[in-house]
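Shared between the two complexes below is subunit A, which has subunit B as its partner in the first and subunit C in the second.
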Partner chain A sequence: MIVPGAMSLTDRFLELLGLDPSTAGPLLVFGVSILAAGLVGSFVLLNTAFAGPYAKRKITASFTDRISVNRIGPAGIGTIVVDSVRLLSKELIIPEDADRPAYDLAPIVLAGSALLAFAVIPMGSGIQLADPEIGLAYVFAIASIASLGLLMAGYASNNKYSFLGGLRAVAQNIAYEIPLVLTGASVVIFAGTLQLGNVTTPDTIVGAQQATLFTIGSISIPSWFGFINPFAFALFMAANLAEVGRNPFDIPEAPTEIVAGYQTEYSSVYFVLFYLGEFIHIFLGGAIIATLFLGGPAGPVLPGIVWFTIKIWGVFLLTQWARSAVPRVRIDQLIQIGWKGMLVLSLANLLLTAVIVGVIA
Partner chain B sequence: MSLQERTPSEPDVGVTEDGLDYDELEALLEGRVLDREEHVNAEGFVIRPDEVEDVLSTLKEEAGFDHCSAVTAQEYDDRFESIYHLKKYDDPTQELSVVVPTSKDEPVSQSAAGVYDTADWHEREAYDLVGINYEDHPDLRRILLPETWQGHPLSERYNQTQPQVVPLREHANPLEEDHRGSGDDSDTMFVNIGPHHPATHGVLHVKTVLDGEQIVDLDPDIGYLHRSEEQMCQQGTYRHQIMPYPDRWDYSPGGLLNEWAYARAAEDLADIDVPEYAQVLRTMSAELTRIAAHMLAVGTFGLDLYGDFTVIFMYAVRDREVVQNLLEDLTGQRLMFNYFRLGGVAWDLPEPRDEYLEKIRDFLDELPDRLEEYHNLISGNEIFQMRAVDTGILQPETAKSYGATGPVARGSGVDYDLRRDDPYGYYDELDWDVVTEDGCDNYARLLVRMQEVEESAKIIKQCVDLLEDWPEDDREIQSNVPRTLRPDPDKEIYRAVEGAKGELGIYIRSDGTDKPARFKIRSPCFSNLQTLPVMSEGEYIPDMVASLGSLDIVLGEVDR
Partner chain C sequence: MSNPWIAIGALALVGVLIPLGMMSVSALLRPSVPEDSKRASYESGEVPTGNTRIRFNIQYYMVALLFVVFDIETVLIFPWTVIYGDAVDAVGLGPALLPMVAFIGILAVGLAWAWRNGAVRWIRSPRAQQELTE
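The block that comes next holds the complex of A and B.
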């Protein structure tokens, strides 16, 4: 079933400029698209900039009974600026025997791939760059490119720790991507489409979750997929932790084992890109979870974009919590959990979803 | 295995009701004893350098000396000498020193590494610093000093003015072929873990050969923090100048426990009494130190298993901070306490006493809740158990052979604690238990430390009660000790206390001056670290890191 996509952000911009999207010239559409993409990218980067040097520290500090940054600006918020300047102005050290240009491309691939996936995510309040029919497949495909970046970084650094980290990253991503995609597929069975859509398009993944599941008194509970199949939700959350490499699955970096894994040899801007890429990935994980299981940007009273932000930050908080409090599993245990546990569970979940869908239909 | 149920076949030659019968032991060795020396702690049997293995294995198999505490090497005007300090794990008060003199021109002695695994490293150290060659030693390399070092610093012929060149070899090609594993088609990789590595707890360098993620071969390379502590102590006077050094061995902080090791050895050497009140103060402050040290051990072990930014480390450090503040109030220092004196302690409890004791009580009252939190957070966590249970296995017999002591030995079910077995201070008057676990793995070692914190708290509580009720006119903190202490010449002593990491022993030989002629430190970490290859070979890197964490080494004490 093909449904017309919701109005894209580019079209909205064109309308704001007083132009008819159907008649605008290709050059103009291209220009406005760049503008729209810049807006979406900036939104993601803004979240990341707030999370990386500041929120993450504050969150970890409150878990560990500390105060953390509090000197620059109110509640230490100025640290964001100071840290950015500090990180960017550091010397860029490139190992003598590094394999260029793979070494230089790796951080860009990592950060870029995560950012690209946001193109189809409905962020509410009409912010969605495009809504292709293959939306979900696109998201998973693009996000997986990150593994390539990790392998490039690990191999090109010409460092044994990086090499081990790169190998670990690939082994882990393959082991967890399959359960992740299979669990995502259960949502596709439920919605009957790969298209992400948004709240106004009922025959899409997000749209399908807007129906009322049941009502308690005057409160109607929407049929968010996380409510319909909590098992799939839990499974996806766990696989997502592995996908973004946070405890208990932070094996590719594992500072106490292999120093910093694939990013051992990276410094200055390249390191910032890696750091950025990781955080964008965490937010992308949050965005996918919000879209697939939590009704996308839907929510009462507040505008969609606010709800969307709340949801992705909720997932971010969870990853930080796990990082603070959960030990790291060993690499062989991780692979075992992935292939013997998660994969079987995600297949079982597919069956379960088919049954649920069958009963509802 | 209970200590009481000895079967008749067990080796116990020479064991009598009131200590060891050295004549019987000499008879056991069938004329291989050339001479007998009188050391303060035990008798010394002088034997020929080519009969070391023979004599030691007889003593180990038939007389039950299963613990080789340390090997002390030293040079006299006319000879070199290695002393093997033997003990029994069942009863460490049964001691025997085996003295092996060698000629000055050709200092060659048979190695004991075939009998006691622990002799491997101890003899390497003796070779490195003093220059005695051990025949048939499996791997006689330098251990504390760089391989290119010229001369042996503790020997008389050492030229102190000679410049030493320590080259920094170019880093090896990371993609170099390496086939050190077993099998013809093994494809292995050599990795330097450390000296700059987040999990080595200091500057330890572990030369590792990996097959994939598994460890094929492992060789700890120590000495990066070697500060000639023994030499420095030999240049200080007994009375005051040595006491600050022990604080710098195990700085986790094991400071007061280390000071006690020196205090005990020197006091026994010079027949100095310590007033009872001072002993209670020592016991209490030493146990506070032990809690602080174990907290750090638990926290850093968590760090090794969790990665950075982890709660358990911060919680442990937060609670350790309370202990540090208590110790600061008592000693005036947070790390380098310098609180013990020969014959007592530096000063009494801080005034107002009641307030201080109340502070300690508050800490002790909160402790059970804290430990409960730790147990919820780490030892009760399934993922944690997945990582720690059945990894880093150290069998009891292996632990004994490597001279492992402290929580490492007790985690392998070896019931050995000098506080109980060779009582000193005020320990035998108090009610507490020695903690052992039979798991032999990383988890058992962690549990031992956490339970020892509870036992230490018990000891401190009793000390606080004692101190509170101590009559005011009887608070003697220092006995009469001559201003310049000159123990009688040619007295030798090896005395140990239960440090935070295990048996911390000091060997002192006096020569009639106010400075020791030989000062040897038996570091528990040094012996414990030797077990790392046994625990880790064949395991994964993360397990090696966990094992290293559970050994709880402090490089300041390993390298001295």
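The block that comes next holds the complex of A and C.
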């Protein structure tokens, strides 16, 4: 069953320019798409720029009862600009015997792949770059390219800490990828399609979550998948923490054990790219959670894009909370939690969801 | 409606251009003071010893094999999840659900077997074991 998707951002741009999306040539569409992609990329980078050098510090500081950055600009907001310039103007030191092409490519792979997955995410207010039929499979496929970047960085650095960090990153990703994807599949059972869609298209993942679940007085509760199956939601949140490498699953970096893991030998702009890629990845995790479990950009009164931003920042706050409050698990515990706990739970969740949906339908 | 993959290709281009742009800005800003000792690999300030690319037990070799099995399994589960709702309407709950229960059951048996044989257990290296018993 092919569902006509909601109007993509590219089509909107084409219409703004007075062109017909169905007849425009591929080269023209590509040119206009770059504008649209630039808008999506800027939105993601804006969030990341605010989160990385500023919000993260402020949040961690309030957890540990400190003040943190407060010198430049109101409430220290100017730190974002100052830190960007400072990090970009650092000397780039490349370790001896580094595996050159891989060493240079790893930061690009990490940052680029995280950004690429945002292509199909509906961000509300009509901002959705593209809406292919296999949207969800695409998101999971692209999001897992990052572990390739981490392994490349770990191996190419020719540093023992980096190497261990890279291998740990792979161990973690393969242990939590399956529970993550299987829990995502349980949402597909409910929606009956892989297309992410938008609030206005009922036969898509986001659209299916807009129906009313039940009403309390005059307030109607939408059937967000997080409400229908809270168990899947909790499982996905936990697997997502492992996927983005935040406590209790931050063993690929583990500053007290292996210095900085895969990024030990990276300095200057390469370090910025790693840091950026990591934060884009956290927001990507938030975006996937918002899309699958929290009704995408839906919400009362405020426009969609605002709700979407609130939701991804909510997930970001949660990862930072976990980072400050939860101790790290050991690597052997991590493998065991992943393979003996989460995998079994996610298989159970899949069958449970199938029974629930089957009985209701 | 334009082809969505063109737009995704455009984002791929933007996703590569942003890092490259940052790299070129940095290349203009940063100093370059080459010196041999700077380039030594970092080992907490000590003189680096030995080679990094040695053979050692990565501990999760069996787990990686298991991952391949389960990864292919998820690929096979996805088409079922997409048609499941329609299948229940067409043929009823039992015929739509039970084959997948059997499929996942076989995998669960496989996982239980690997679990029992210690494939997902963290193995001590012979040397660590020896140090522990001494």
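Assume the second predicted complex is superposed on the first by the 361 of 361 C-alpha atoms of A that agree within 3 Å, B and C clash if a C-alpha of one lies under 4 Å from a C-alpha of the other, contacts with A are read in each partner's own complex, and residues count from 1 in each chain.
Keep in mind that, in the parts below, contacts are C-beta pairs under 8 Å (C-beta built on N, C-alpha and C of every residue); 3 or more make two chains touch, one makes a residue touch a chain.
In this text, all values refer to a predicted model and were calculated from it rather than measured experimentally.
Comparing subunit C and subunit B on the residues of subunit A they touch gives the larger count to C.
Residue contacts after overlaying the shared chain place A:Q209 against neither subunit B nor subunit C. Once the two complexes are laid over each other on the shared chain, residue contacts for A:R66 go to subunit B alone; subunit C is not touched.
Once the two complexes are overlaid on the shared chain, A:D250 sits against subunit B while remaining clear of subunit C. Once the two complexes are laid over each other on the shared chain, residue contacts for A:A36 go to subunit C alone; subunit B is not touched.
Applying the stated contact rule after C-alpha superposition, one finds that A:T48 touches neither subunit B nor subunit C. Once the two complexes are laid over each other on the shared chain, residue contacts for A:R323 go to subunit B alone; subunit C is not touched.
In the superposed model, A:N229 lies in contact with neither subunit B nor subunit C.
Shared-chain residue A:I258: touches subunit B; no touch with subunit C. Overlap of the subunit B and subunit C contact sets on subunit A: residues 158-161, 163, 259, 331-332. Residue ranges of subunit C in contact with subunit A, taken from their complex: 1-16, 18-20, 22-23, 25-27, 29-33, 38-44, 52-53, 58-60, 63-64, 66-67, 70-71, 74, 77-78, 81-86, 88-89, 93, 96-97, 100-101, 104, 107-108, 111, 115, 120-122. Residue ranges of subunit A in contact with subunit B, taken from their complex: 60, 63-66, 158-161, 163-164, 247-248, 250, 253-259, 323-333. Residues of subunit A touching subunit C in their complex: 1, 4-5, 7-11, 14, 21-22, 24, 26, 29-30, 33-34, 36-38, 40-41, 45, 85, 88-97, 107-108, 111-113, 115-116, 118-120, 129-132, 137-138, 157-163, 167, 170-171, 174-175, 177-178, 181-182, 185-186, 188-190, 192-194, 259, 264-265, 268-269, 272-273, 331-332, 335-336, 339-340, 343-344, 347, 350-351, 354-355, 357-359, 361. Within the complex, the subunit B residues that touch subunit A are 174-175, 189, 191, 197-199, 213, 302-311, 313-315, 318, 377-378, 381, 383-384, 386-387, 540-543, 545.
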